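A, B, C and D label the chains in the order they appear, each numbered from 1.
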Amino acid sequence: MDEKTVTGWWQTALVRIRPGEIALRGYPIEQLIGSASFPQTIWLLLRGELPTPDEAALLEAALVAAVDHGPQAPSIAAARMAATCGVGLNNAVATGVNLLGDVHGGAGQQAMGMYTDIADCDLPLADAVAEYRRWHRYLPGFGHRFHPRDPRRDPLVGLVEDAVAKGVITDRYLKVAMEIERQLDPVPMNIDGATALIYASLGFPAELGRGLFVLSRSVGILAHAWEEQQSGVRIKGPIPRPLLADYTGPALRDL
Amino acid sequence: MDEKTVTGWWQTALVRIRPGEIALRGYPIEQLIGSASFPQTIWLLLRGELPTPDEAALLEAALVAAVDHGPQAPSIAAARMAATCGVGLNNAVATGVNLLGDVHGGAGQQAMGMYTDIADCDLPLADAVAEYRRWHRYLPGFGHRFHPRDPRRDPLVGLVEDAVAKGVITDRYLKVAMEIERQLDPVPMNIDGATALIYASLGFPAELGRGLFVLSRSVGILAHAWEEQQSGVRIKGPIPRPLLADYTGPALRDL
Amino acid sequence: MDEKTVTGWWQTALVRIRPGEIALRGYPIEQLIGSASFPQTIWLLLRGELPTPDEAALLEAALVAAVDHGPQAPSIAAARMAATCGVGLNNAVATGVNLLGDVHGGAGQQAMGMYTDIADCDLPLADAVAEYRRWHRYLPGFGHRFHPRDPRRDPLVGLVEDAVAKGVITDRYLKVAMEIERQLDPVPMNIDGATALIYASLGFPAELGRGLFVLSRSVGILAHAWEEQQSGVRIKGPIPRPLLADYTGPALRDL
Amino acid sequence: MDEKTVTGWWQTALVRIRPGEIALRGYPIEQLIGSASFPQTIWLLLRGELPTPDEAALLEAALVAAVDHGPQAPSIAAARMAATCGVGLNNAVATGVNLLGDVHGGAGQQAMGMYTDIADCDLPLADAVAEYRRWHRYLPGFGHRFHPRDPRRDPLVGLVEDAVAKGVITDRYLKVAMEIERQLDPVPMNIDGATALIYASLGFPAELGRGLFVLSRSVGILAHAWEEQQSGVRIKGPIPRPLLADYTGPALRDL
């Protein structure tokens, strides 16, 4: 067990660190600072190469679209409560991010998988979608329990259509998403379906759908934790203090 | 205890949500998508107003600079280990973010506090710095245990100087940081000192220094967790399995 | 939307709280303090009723058995690293617990599911196990990558046999586990298989297998975080600082 | 950098692991299983030696007393929300534990510090307490915002008095706590003050006050997460869905 074995256990293709030197995917950090945008840098680290400006613009729009959806979301609420408990802002953000699991943060990832499954199917598109619906009661990325029409759908789909027209991306996934929406009418695509359409069209694997959502929503989580921290409330519960939670267990009894 | 009291407990100035409507700080989300950059949106949520393009460019450079520093950092290592334990990518990112505490992620925030304390001091600048050093053995944001000269210092300070020359920001904090560096010579500013200089010059409160670092480093944390997850290693420890940790406690004994 | 609706959203059968009154599953807390053991209280909260002393003793042995397995486990290592980053002990413990996912902390839960599946099978036991093995390459709870024979197996199985002899539990799951071990010979049961045997025999649902492991291992996680915190090391990485992680990405290149 | 250096970086006095061997603080695990109670094992790992049965009984009572205080506590509420988001039970427990910070989980630790400061003071006890009150507006561990008299105070203080009478512990901290309560009359000791009295009397350092509270409250956090998970609710927010959070920011405006 020599040094080589130990360091090999912690090898990475992401970043090269030497005394006085930091390079991301081969690019010296001093060349990236001031030249690469934040979304380009995100893409570079996750994918290995820099995107074109048009690709980066599409990614950026998706990152902007999902930053926040208010304190009713459990991830935001948990981060706000954490901020009142005497932990650091980083701990509050981590608390919120930890909740973006399969159910709360996974719809985009699942929609990417669905788009790919349907796009890979041998059947004509309309049949492929119909067949998919036969086997899946719930189609991720479509419909919203709160918004009759998600206000983020139109601008995002519009940007995808523009990017297809400009040849930035192919229409492989756009066609799939449009056909699903047609068959589900009047249930429209939601934020998860629309960002999934962008991420899939840009070539991200489905698992990174959740990863990119995490980066985006971290912004809202941080902003809410910070707003709450400044309020001065201590130990904030889910409902104001005079309201007791209901008890539904056995009546009082002796040991 | 009526509806108003309960919702008032969860009030926010960040986002207005109605059926079919989402507005960040008053701006409809459909106007922001495709128009506002990701850094501008971060600024908008944290500060309440949109930055100018020049301000956003400075913020963006700082966010790019700190995305990653390799798997030797405990935040990255913990996220990589988490990724091998059968949890979601969001849980792995949360694990890394949770470690960006006072010691690992707080230097930028502390440097912002130091810059402000010195800038607010009545004494001439050189005396103020000297006095500050008399009372503080450790000056956050200067020196690096690994890099003789942090490669991120020069490009970041260069951008600050340009922004001062263009009138984007004042030289209030630049002068302080330069004087500290002069007195500590040959110990140069590091990434924390340089990003703190940018964040303070842009008017962010010190506490958000850590918040912005969290958003930046989340990118590296995600990329490393994802790289590790793809490796297929299961239950990754800090050192390869044949190496046992050392035991320094009492010899074997009977109960 | 009145008060009743809001509190109903947060109803629980676990604990009744009134001014001056706390009752767990109906029992006043002042009667439990000094009378109920810690394992009995764990059982009461999770199951709704108090266990007999014999049942509690069996649960207690399983909780003791799994408290720690050293700093090579990623959950422990992550907690130790967290403790050097300037976060609270609670944040360090949370970091470790967060890693006890499907792969690192789920084997016990999976073994409970396997025992139940086999016990529920119509076939004679030996055939049921053989059939199960035909469909599952990996049997959770058996074999250990480090211990040729897990030293926790014998005392735990011995306690189960005693409890069966005393009529505390039935031999339903013991027979299954023994038959699996017989067919896998010479691969013995490990800690996960043995604690799963206890938890299943005591009537816990499989999902709580992980929950009970979390409570048990939290002890080791806390003890390691505390030991590390006292060492004074700051920002502890996975390997000592002079060792660099290996870089396997592209060679240096210009933007 | 040889093997010795690397393993030394991960040394511990807690547990000795060899193939086929696990020993906690020198005691073979197979001797502890079935013999040591769970609280004794907690003490052994944290302190290095086994407690007497009387010491363990006092520790056990404190651990039982603090297991739960209902879903109004943010740690419990956050864990319940996590359980509805598609993450593992371990992630839900970690979410709750992460919130037991200085404000929500630190009162016991702070009370231990206060007891020690006063006990170490040269002044007569009544004067020491009066002097301490002069300098501290808030005395941790006394008064409760919900309970006029915390129902856990009397049984815990009673056990401490019994243990003093039996010579298990000295009255060093009991005298301090009683004098504080006398001077604050009619504000009584609360759960944090009472468990702090036990932990301090048993010789635990103040920092472990929070650690022991974490182990105790983890039980309630797990039980609530489990109860919520079984409810089938998905993406549970802090208030029921028809209630919108209040928006207090700028009116709608165009970009």
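Here is the rule we use: contacts are C-beta pairs under 8 Å (C-beta built on N, C-alpha and C of every residue); 3 or more make two chains touch, one makes a residue touch a chain.
Since we're looking at a predicted model, the values are computed, not measured.
A repeat of the B-D interface exists among A-B, A-D or A-C. It is A-C, with more than half of its contact pairs matching by residue number.
Of all residue numbers seen at the subunit C-subunit D contact, over half occur in both copies; the interface is built from largely matching residues.
When chain centres are defined as mean Cα coordinates, C lies farthest from subunit B. Here the spacing of subunit C and subunit D, counted between their Cα centres, is 20 Å. Per-chain Cα centroids separate subunit B from subunit C by 35 Å.
Distance between chain centres (mean CA atoms), subunit A to subunit C: 31 Å.
Touching two or more other chains at once are residues 1, 3, 6, 9-10, 12-15, 17, 28, 32, 36, 70-72, 77, 87-88, 90-91, 94-95, 98-102, 105-106, 146, 236, 238-239, 243-245 of subunit C. Residue ranges on subunit D touching subunit B, taken from their complex, read 3, 6-18, 23, 25-28, 31-32, 35-36, 48, 50, 87-88, 90-91, 98, 238-239, 243-255. Subunit B makes touch with subunit A in their complex at residues 1, 5-6, 9-10, 12-15, 17, 19-22, 24, 28-30, 32-34, 36-39, 41-42, 45-46, 57, 60-61, 63-65, 67-72, 77, 88-91, 93-95, 97-102, 105-106, 146-149, 151-152, 154-156, 158-159, 207-208, 210-211, 214-215, 218-220, 222-227, 229, 236, 239-240, 242-243.
Interface residues of subunit B, counted against subunit C in their complex, comprise 1-3, 6, 70-75, 77-78, 81-82, 84-87, 91, 94-95, 98-106, 145-146, 234-239, 241, 244-245.
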